[in-house]
Amino acid sequence: MLHQTSVVVVVFCFLLVASSSYASVQDFCVADLSLPDTPSGFPCKDVKKVSVSDFVYSGLAAAGNTSNIIKAAVTPAFTAQFPGVNGLGISTARLDLAVGGVIPIHTHPGGSELLVVIQGTICAGFISSSANKVYFKTLNKGDVMVFPQGLLHFQINSGKAPALAIVSFSSPVPGLQITDFALFANDLPTEIVAATTFLDVAQIKKLKGVLGGSG
Amino acid sequence: MLHQTSVVVVVFCFLLVASSSYASVQDFCVADLSLPDTPSGFPCKDVKKVSVSDFVYSGLAAAGNTSNIIKAAVTPAFTAQFPGVNGLGISTARLDLAVGGVIPIHTHPGGSELLVVIQGTICAGFISSSANKVYFKTLNKGDVMVFPQGLLHFQINSGKAPALAIVSFSSPVPGLQITDFALFANDLPTEIVAATTFLDVAQIKKLKGVLGGSG
Amino acid sequence: MLHQTSVVVVVFCFLLVASSSYASVQDFCVADLSLPDTPSGFPCKDVKKVSVSDFVYSGLAAAGNTSNIIKAAVTPAFTAQFPGVNGLGISTARLDLAVGGVIPIHTHPGGSELLVVIQGTICAGFISSSANKVYFKTLNKGDVMVFPQGLLHFQINSGKAPALAIVSFSSPVPGLQITDFALFANDLPTEIVAATTFLDVAQIKKLKGVLGGSG
Amino acid sequence: MLHQTSVVVVVFCFLLVASSSYASVQDFCVADLSLPDTPSGFPCKDVKKVSVSDFVYSGLAAAGNTSNIIKAAVTPAFTAQFPGVNGLGISTARLDLAVGGVIPIHTHPGGSELLVVIQGTICAGFISSSANKVYFKTLNKGDVMVFPQGLLHFQINSGKAPALAIVSFSSPVPGLQITDFALFANDLPTEIVAATTFLDVAQIKKLKGVLGGSG
Amino acid sequence: MLHQTSVVVVVFCFLLVASSSYASVQDFCVADLSLPDTPSGFPCKDVKKVSVSDFVYSGLAAAGNTSNIIKAAVTPAFTAQFPGVNGLGISTARLDLAVGGVIPIHTHPGGSELLVVIQGTICAGFISSSANKVYFKTLNKGDVMVFPQGLLHFQINSGKAPALAIVSFSSPVPGLQITDFALFANDLPTEIVAATTFLDVAQIKKLKGVLGGSG
Amino acid sequence: MLHQTSVVVVVFCFLLVASSSYASVQDFCVADLSLPDTPSGFPCKDVKKVSVSDFVYSGLAAAGNTSNIIKAAVTPAFTAQFPGVNGLGISTARLDLAVGGVIPIHTHPGGSELLVVIQGTICAGFISSSANKVYFKTLNKGDVMVFPQGLLHFQINSGKAPALAIVSFSSPVPGLQITDFALFANDLPTEIVAATTFLDVAQIKKLKGVLGGSG
């Protein structure tokens, strides 16, 4: 039915009409991390220099090193590690929890989190700001839990074997604020920490010592 | 130049053409708190029942009661108190800090905060998640400080007289999660608090006692 | 330093001041699927009836049934299956691909997708609208790939063993439009399919037969 | 290659896996105008009752009646008239301008406007808030002009024949606030109008008379 | 009542107070296409160099060339052609359909579309992802149809004369992905197309030939 | 329980894993006003050069100069004055109204406004676009009023002493369009003003004279 020769010609014409729009068709915006960030994310890498490897990240393949105080590791694939997610409203990370491992109480200021247990048993929970109600549960392999944006939450390996989870976030830059680090791993004066947390000075000084804080 | 009589008639016609759109012109959406909330806010009160008093709130006129442990009070004008802000991306509150008063370390999961000192002297600060850097400063009357969304922050009356601040938020439902209350004013088991905060059990039990927590 | 008895009293007072705001603190909005949807998601379930099980979903624990033509299965955890994600800007699904399994060319009209390979080897790709450029790559265990919103993409088990992937989306209702099903599994008249796809009528009729379409 | 009989069966299985998600796949959300509005738009009509006619509107086919003081008519297709645009971030209207017709200075509080001249010659312009700079130009058939959100703008038939334009908006409920009507077609007291506009009282009273205002 | 001389002076003072804000009053953001794009659109052209011609586009005045295989043309006014729409959430295009003309099945990944028939008769439709239901209808002059974001849709001249439509989009960069071009006009390997579409290899090779694809 | 020495080491390791994400953790984005703006706000100042003073603004401490025709002053703290609010969805300003002072009828194209009376008595109101209904009320010290986005509104000192209000906005760049200035303080031709406002030419020329307009 179609006569191929003439078809090629006219399709070519058709493409010409549309092609002037290609410059700004914003299918994606791979981050050019060498330029200054903006409130909506990093400026876009020149599309002519984009390849499939910008959309693939292999940094989550290896387990994080859990030989540390929390016996756990968070390996992020946010915009800084994985520029392909820039502007796309999503990012991911892997959580490795050795036996006894804990991801301490923390928040993600910029997004909600969704956790899928790949291996092991994890006790996870969050605390709502409504009446400070706690929602926590033991999760098994394959279970999914969602942590609403900005709320304090935690994950604990509650099993007898290492645990692994894949988490995703509703933002390419969800942020991560671990409460203990925010309070004790910097130079926030002890007297201010005491005044704003009700904690005993001795307790504060002890944790500042452990976590490297001063003041 | 204009003949008023005919004008009235034709303007009337003009209005008829446009009037069918008025039903859903969403100039505003005063919350009908009797209906279930939605992710974008409460359903709208019937516009025919809306009056100017829906857009005015007098609950911030009186000082909050600061005769309490923190010698401070937060009086909110969020959607629940002030239904006129529903859907408008903004809300407000007043902070009263008696001498020695403190608003403990807290976050607003749903929005950024902007504080204006109306009276007194306030030491205010927030902690970024980047390297846990602390930004804090003593603010005097008329000074403005902004606290980015979701980050831990605090306010302390650092003067010798009562202090008053008006704060506004980039959301009609910014939320308020006071870290101490989240950790110690509920039934989150002591062992989980200990595991996820590095705090000593004795410290946890002490604060649970003070703040009414159990477990 | 603190006298516990008096403390309990004043904290109680403090809570009273704040408590009137709790009604609409929108920490989360678990979907009440019995009510009509809105453009921002379903109305919220009464927070008094919300429990931790609303935030946990176990439906991804079991592998999907891949005994089908595509030797693959998509098991979603969108709002309809997992009401806890309502309004939170995120959802997830598991992909099971038996040997030879394929997720056919499709789009998610409402969000970007991020895929993490849990097991096996997957050849995945998407097609940009800029010059119809194809980005595809073979992914191994632990690799992550992102598929920008609305673009045609596919996943093929390119290994010799079953493959498993966890995918997440930047929306609780990303949608799923499989091109073949959209074209051949309904009553869209053959002449319209032919006119709008350049496909031969015989090819269309064959696929309508396979996929259950008519017309 | 494909055995059709078995295919039908397995595809059926495949659909079953996916089908539970269909309840909330939010491809669209046709407004159910009988329910209360929300900040994101009206609740959705039951998808089982939705038909193609919900997505088609014929109310712009006929010219508006321009036998009025402004010799012009705006015929909107916003959510109230055209429920199919609910939640989709777009709407439209037709402008009819008889010879000498004028769309008076107005704003759309909720969206930007894009005008395409279908017939005739239109002098159109807007005023920026930066230094009150005016941007206006005479537009001919086929010309497009964009009016940024919330800024005062106007359209005048500057030709010798009737003019027709199709306008679209970046919101399904852009709103329409005609400055003259806002000031003179209601009961806003003359002294307040005078105080807030610098207009002479006589001028105010004259226009209140013309436009049906009181006070 | 007003003494003009003194008035000019004091207004001047008033303007001074406000003027420091003018630098970033973001009334509009005309695209500077010479700078890298961002997720929210292009950086803004210096407002001092902006003139009314940045907000007017005449490229839709002339009919597109329909002497091609689809007997149709899409002439876009997106950010790349019409920098004034950058950041404003709206754009437009004209569709010309000669007798027998067809806009093939396609999606706009970034926005919803609203079509107004200016001339002729157009059969238009879209396919929902819910149960792959088809919504299509014959549209006459003046009819409006909306196509929800990201869904497959098409337009066919179903009359005996040329047809013209103005379409608008809920984004300044809606994108355009024509399914046939995405599948057959590039180097996506035939075996992948076959595996992910169920199409016969012969059919694929035929269309690759017609549309200029390889592989 | 914890051995401090080993703890310091392992925490150090833990931080290394997380640290690569810090580059783009977008806790905040202080405006770099030397770079071109974008639709989402200004590019971010290098975080290493950010200090607490970027988040504090003292420009509202002093009263604005009300020795002018309107006996009032608006002192803004938008992005241009207060770069710390960039990207945070909020800004503020102070209103000083001498006895008899008036903020003339105006709109904020980019955001809703929330006013808190700090001192004095203010008559404030806005006009909806629905049937041009007026909502106005006399506000006393401590009263809060919200003005929905884009609608005409005004504030008048209705007391016998100076009044002061703090206003906040749901955008860091809300804009400010004073209707009188938009109409009379530029070179918009008198005939266009007359045609689009129904005002008498003499009235227009008088106000152009007062406000410095021409044409």
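Every chain is named by a letter (A, B, C, D, E and F) in the order it is written, and numbering of its residues begins at 1.
Note that a contact is a pair of C-beta atoms (placed from the backbone, for glycine too) under 8 Å apart; a residue touches a chain by one contact, two chains touch by 3 or more.
What you see is a predicted model; the values in this text were computed from it and never measured.
When the interfaces A-F and A-C are ranked by how many C-beta pairs touch across them, A-C comes first. Interface equivalence for E-F, evaluated over A-B, C-E or B-C, points to B-C, where over half of the contact pairs coincide by residue number.
Once the centre of each chain is set as its mean CA position, subunit C and subunit D turn out to be 33 Å apart. In whole angstrom, the spacing between the mean C-alpha positions of subunit B and subunit E is 40.
For subunit D, residues that reach two or more other chains under the stated contact definition are 2, 22, 25, 27, 35, 38-42, 109-110, 125, 129, 131, 136, 148-149, 151, 175-176, 185, 198, 210-211. By the touch criterion given at the top, residues 2, 4, 6-14, 17-18, 20-27, 29, 32, 35, 38-46, 86-87 of subunit A touch subunit E in their complex.
Listed in rising order, the residues of subunit C touching subunit E in the complex are 102-105, 107-110, 123, 125, 127, 129, 131-134, 136, 148-152, 154, 156, 175-177, 179-183, 185-188, 192, 195-200, 203, 206-207, 210-211. Interface residues of subunit E facing subunit A in the complex, by the touch rule stated above, are 31, 33, 35-42, 64-65, 67-70, 72-76, 78-81, 109-110, 173, 175-176, 185, 209-212. Touching subunit D in their complex are the following residues of subunit E: 2, 19, 22, 25, 27-28, 47, 51-53, 55-62, 77, 82, 84-85, 88-92, 111-114, 116, 118, 125-126, 128-131, 135-137, 139-149, 151, 166, 168-171, 198.
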